[in-house]
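Think of it as A, B, C, D and E in the order they're written, each chain with its own count starting at 1.
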Amino acid sequence: MDTVGLVLVRSVILAVALASLFAGMTVIERKVLGYFHLRLGPTRTGPWGLLQPLADAIKAIVKEDIIPRDADRLVFRLAPIISVFTALAAWSVIPVGPPVEVGGVTVPLAVADPPGGVLVAVAFTALSVYGVTLAGWSSQSKYALLGSLRASAQLISYELALGLSLLGVLMMAGSLRLTEIVAAQERLPFILLQPLGFVVYFIAALAESARVPFDLPEAETELVSGYHTEYSGMRFAMFMMAEYIHMITASTLVTLLYLGGWNGPAFLPPVAWFLVKLGFMLFVFIWLRATMVRLRYDRLMDLGWKVLLPLAILNLVATAVITVFVA
Amino acid sequence: MSGVRRQREPYTGGAEAMAYVRDEIVPALVAAFGDGVVPLETPFEMPQVQVAPGQLAAVARWLKDRGFNMLVDVGGVDYLPRKPRFEVVYHLLALPQLWRLRLRVPVEEDEAEVPTVSDVWPSAAAAEREVWDLFGIRFAGHPNLTRILMPDDWVGHPLRKDYPLQGPRAQLPAHAAERNRYHAPKLPGDPPGTAGLPGGAKGGK
Amino acid sequence: MRQVVRSGDYDLDLEELVIEGEGDRMTLSVGPHHPSTHGVLRMVLEIEGERIVKATPEVGFLHTGIEKTAENLTWQQAITVIDRMDYLAPLSNNLGYVLAVEKLLGLEVPPRARILRLLFTELQRMASHLLWLGTTALDIGSQSVLMYAFDLREGILDLFEEASGARMNPSYFRVGGIAQDIPEGFEDMCRRFLDRVPERIREIRNILDENPIWLDRLKGVGVISAEDAIAWGVTGPNLRACGVPYDVRKAFPYAGYDEFEFDVPVGENGDCYDRYVVRMEEIMESYRLCRQALARLPRGPVMVNDRKIALPPKHEVRQSMEALIHHFKLVSYGFDVPAGEVYQALESPRGEIGFYVVSNGKNKPWRVRVRGPAFYNVFAMPVMMQGALLADMVAIIATVDPVFGEVDR
Amino acid sequence: MEMTNNQFFLTSVEKFVRWAQKSSIWPLTFGLACCAIEMMNLVSPRYDMAQFGAEVFRSTPRQADLMIVSGRLSNKMVPVIEQVYRQMPEPKWVIAMGACASSGGIFDNYAIVQGVDEVLPVDIYVPGCPPSPDAVLYAVLKLREAIASGQAHGGVMRA
Amino acid sequence: MLKALAKGMGTTLRMLFRRKPTIAYPYVKKERSARFRGRHELRRYENGLEMCIGCELCQVACPAAAITVMPAENDPERPNSPGERYAWKYEIDMLRCIFCGLCEEACPTEALHLTREFELADFTRESLIYGRDRLVNQHTSPFQVPRNVYPDYRGWRPVHEPEEGHGEAVEAAGEGAAPEVPGVDRTAGAEEARPA
């Protein structure tokens, strides 16, 4: 039986794990990206530069905290908190493995595994747009404002394609519960059954987490730093954290929904399979960043509305037809 | 590769083109404008003519109509203490023909004003601003004759010969020299028998 | 609509800026400290949403007074300041200046010096275009290409360091020849470097050339017609991208370019993509030129045999009184240059750089006027920016390739 | 930089914080002239400042720790650099890179400020015109040591 | 389009496995060219006498006016240099210096030399004005002038041919960093170097 105590324990473990995963992710990205760039990345801070994120974090904490004179102080402070909260909250329903037996109690490897898990995760991801928008608006800086406008437009337009492509998976799995969706892929991962849906979902997820080539909200060369131009120190670090957790969430969802989650040949335990697939997805994210250039804003909108959305609908209809006739 | 690229025959033969300008166009120009235009000798292949400031606008139009479609450069020269003191130098280029021509417009110090040619060649607009900024030569009819390189509130025109190289700093008292020790003169108490010049001064030239 | 927006971080105005718009027009001041302005350009943009209605470049933030400083140095010393003008192509600047002075002096440099100058200028063109490629790619979002381009450029800087002793601003060319002959082993080093070039360029083009996003960002963006470009004084790759095959190396050959075989890549549409391809092709043309220059490098002196211009060699200074006197005279006074004025045009990586040098017969230049190609290119940018998007501004500034040391001088 | 006089009692927390600060110096992209090109070379494959965790060039001063003034500072640029410096949060450091930024260099003339220290507090000066990237790396390392030993306080170098 | 993307992705993936040219800076330093223009030094002859004779040509040649030389007469009993004068005070402002090498060219005795040392950064402007104490090469200096710094200065002979004749001057310069041997008379080479 799941008790409140166990849920709390799992929440704490998850929060700590995510924070360290975020930290690890920054240094791994810097190193892998460095290798793509023919250089080494952090090497001196701690062994192999592994303590780099710790140094970054401590530095960010002791850094002076500037709030611009004209900023809306309350909203300015609230925005990064919203960002981090929504990013973390999405993880409350994401399982990392099948339920395990601990001392006779069956414990799911997630904070919660509600029946509408997918919806909760997607909803929280979408909510993060508020943090970004409010940050840009409250900064009272033109670059930040433009960045946040771009971010909100981008998130909203890709949310549709994302949700619609997701429906194909849900139909095939016949459930909204993430563990059951994974269980439905025991024989074949959905990437093989839903290739089109996968492509649409992957691009939309990339755009949602604002990664290259969709990193327009913080396009450095145009908008200086986008919506967090005016943020410094810890508040900026919180935005970075939210961004990285979004990236991890996106990779996780792809893993769970399309790559079969923790299913895999038995020579590795399920959680390890999950981590391998997740790691691969994260590598693909970095790889794309090393290869791609940034889309232009209007093309981004075109891609979202004129290409991805019709494709997602097509995928949905096709899945529906096939599901009805085959089943 | 997107087949739009091709290596077109480049323009060649600039030397003959300049000879053509010297032998054909300059005489025609002189004939058209009389004593407003004086051909100067051309020591280094590029033909040059001296144009009176009053005639410049008309000469510019005439040349533009003959094919000089690019104004390569507008620059000023300060010939202090000569009179007329300044000269505005225009370098023209005609593109398919590769003609080059230099116009030299002498300008008096008291009425340092030349008609603008920015309505003939738009590229002149910025370059004329630069000449105004650095030499203080005004261009009548220029749409926006403001400083371009120096800050708006700068005093003086730095490239004039009577403007000190160090600008306002040249008048600063010794504490500036104290900081830039290598520019300070020799100090009393330096050893006897030294024949050196004060540091940094390129004396005797 | 009346909207109060605090002036952006990068504005000069410290006061609040009130924007009164018809519609949603707002003024955005980009630069002079902005990551995509390639230095210290300030672009005052009027934008509607993300569409640019009006663009006004403002320059002068790097005004260095190079022309004035050069007037206060001797002819030979002035090379050092000329170097620091277009800091991506110091050797092109050097070459233009020394050619102008040599014209005034009526000097003919030895053939070895001439071909070495050509070799180094072409290496410099490659280095400049590589840096341009890297920063452009960075502006459009690809950090990797920046790294690959820098990695390759590093090889050229090594060559400069080997020959002249400095990676940038080598002050290597002198009036009358070259400061020092190339060291032993330099030619092999140069060949080894050149061997790497085609492969590396191909890799970079693999990443960019057919990348749909890259094409999308550049094609049809920042178009300028040939007539407009000529009227605004645009030269160099930017002009050739419009289809005008004007290259000073072919049109008014200098430094022996007429003895060499190379093509002039020309674009058609005058958009950012053509500017990109023209420059990429130019790298390969420079590569060809370097190969030819290495192949036909003659032996012989690298400085004119004229004691009134060239410093005597050190061993002679130690032995001969006459040489010592020449040495002292040349170092302390320099040499007189006959009075006159000369305009020397030259194809720098950014276009026609012109040196209008006036001498009054003394040991210092009376006036060194530099026609910076980037100066004119910058002021043609508003034409390209008509109706572009904010993101296009980045691509336009990047592909026009301004260098502010040369714009502001 | 060795601690010559051990008059400061460093708690381990302070030491830890300084270690963090020195290990994570994020520079600002403030390029002016020739030196800016060599500054860009700092992140290039060969020199790779990322080794010291310092490759994160931030384009907004709000998130930067280190301003590398790379190139000549003209009079017209002074208000800009002052404002950008003010926008950087404490603690912040300044490297005057190259001759022009440090002292005006060859340009002892009307247009150039004779050393950026007339405008900003400078922590460390790097000679060279431009200094090669490893010379700047040396300065960064020296600055790191000064930060770790508590000597560098944003322009005020204490013994 | 997919093919193009795959090509790009493949290229970057290959880069992942390419050898990295990174220099682990403080531990490994880049090999500088023999002509590298770094910190200045004033060299000594083998017998310990300074090569600089205080002629001030470097000061005049410097376009940045970074060099200050104040010569003084040599004490005939304990000379500092083989000439009549020596540099009583010799200062180079490293921050003004643009490392153009004109001073090195100007030096008639090849006393002034730009070494390969590039690590010069310091905390104050004052500390970067190098005086004689830091410029005159101490005998512990490991620096050796490579022979190809002046393989053929100013092209008076065809290049890349074996050196002959005037090689001695280069030799002497190359050994300028040798340990000071007090009490030894001036060598012939040093005599020869006296300008007048």
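As a working rule, a residue touches a chain if its C-beta (ideal position, glycine included) is under 8 Å from a C-beta of that chain, and two chains touch if they have at least 3 such contacts.
The shown structure was predicted, so the numbers you read here are calculated from the model rather than taken from an experiment.
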Can you give me the shortest step count from chain B to chain D, moving only between touching chains?
1
Where chain A and chain E overlap in contact partners, by chain label:
C, D
Tell me which chain's centre, taken as the mean of its C-alpha atoms, is farthest from chain B.
A
Whole-Å distance, chain C centre to chain D centre, using C-alpha means?
28
Chain B to chain E: how many Å between their CA centres?
40
Gap in Å, rounded to a whole number, between the CA centres of chain B and chain A
59
Flagged in chain B as touching 2+ other chains are 149-151, 158, 163, 165, 179, 183
So which stretches of chain D touch two or more other chains?
43-46, 48, 51, 59-60, 62, 76, 87, 103, 106, 108-111, 115, 129, 132
Which positions in chain A touch two or more other chains at once?
36-40, 43, 220-221, 224, 229-230, 290-292
Considering only the defined contacts, which chain E positions touch chain A in the complex?
8-9, 11-13, 15-16, 18, 20-22, 24
Hey, which residues of chain E end up touching chain D in the complex?
20-26, 29-30, 63-65, 93-100, 118-125, 128
List the residues on chain C that touch chain B in their complex, please.
59-60, 63, 65, 67-69, 72, 74, 103-104, 209, 227, 230-233, 243-247, 250-253, 263-269, 274, 277, 281, 332-333, 340-343, 345, 352, 354, 356, 358, 363-364, 366-367, 369, 371, 375-376, 378-380, 408-409
Residues of chain E touching chain C in their complex?
1, 3-5, 7-8, 10-12, 15, 21, 32-37, 55, 57, 60-61, 63-64, 98-102, 105-106, 108-110, 114, 148, 150-156, 158-160, 165-166, 169-170, 192-193, 195-196
For the chain A and chain E complex, residues of the former touching the latter
32, 35-40, 43, 287-288, 290-292
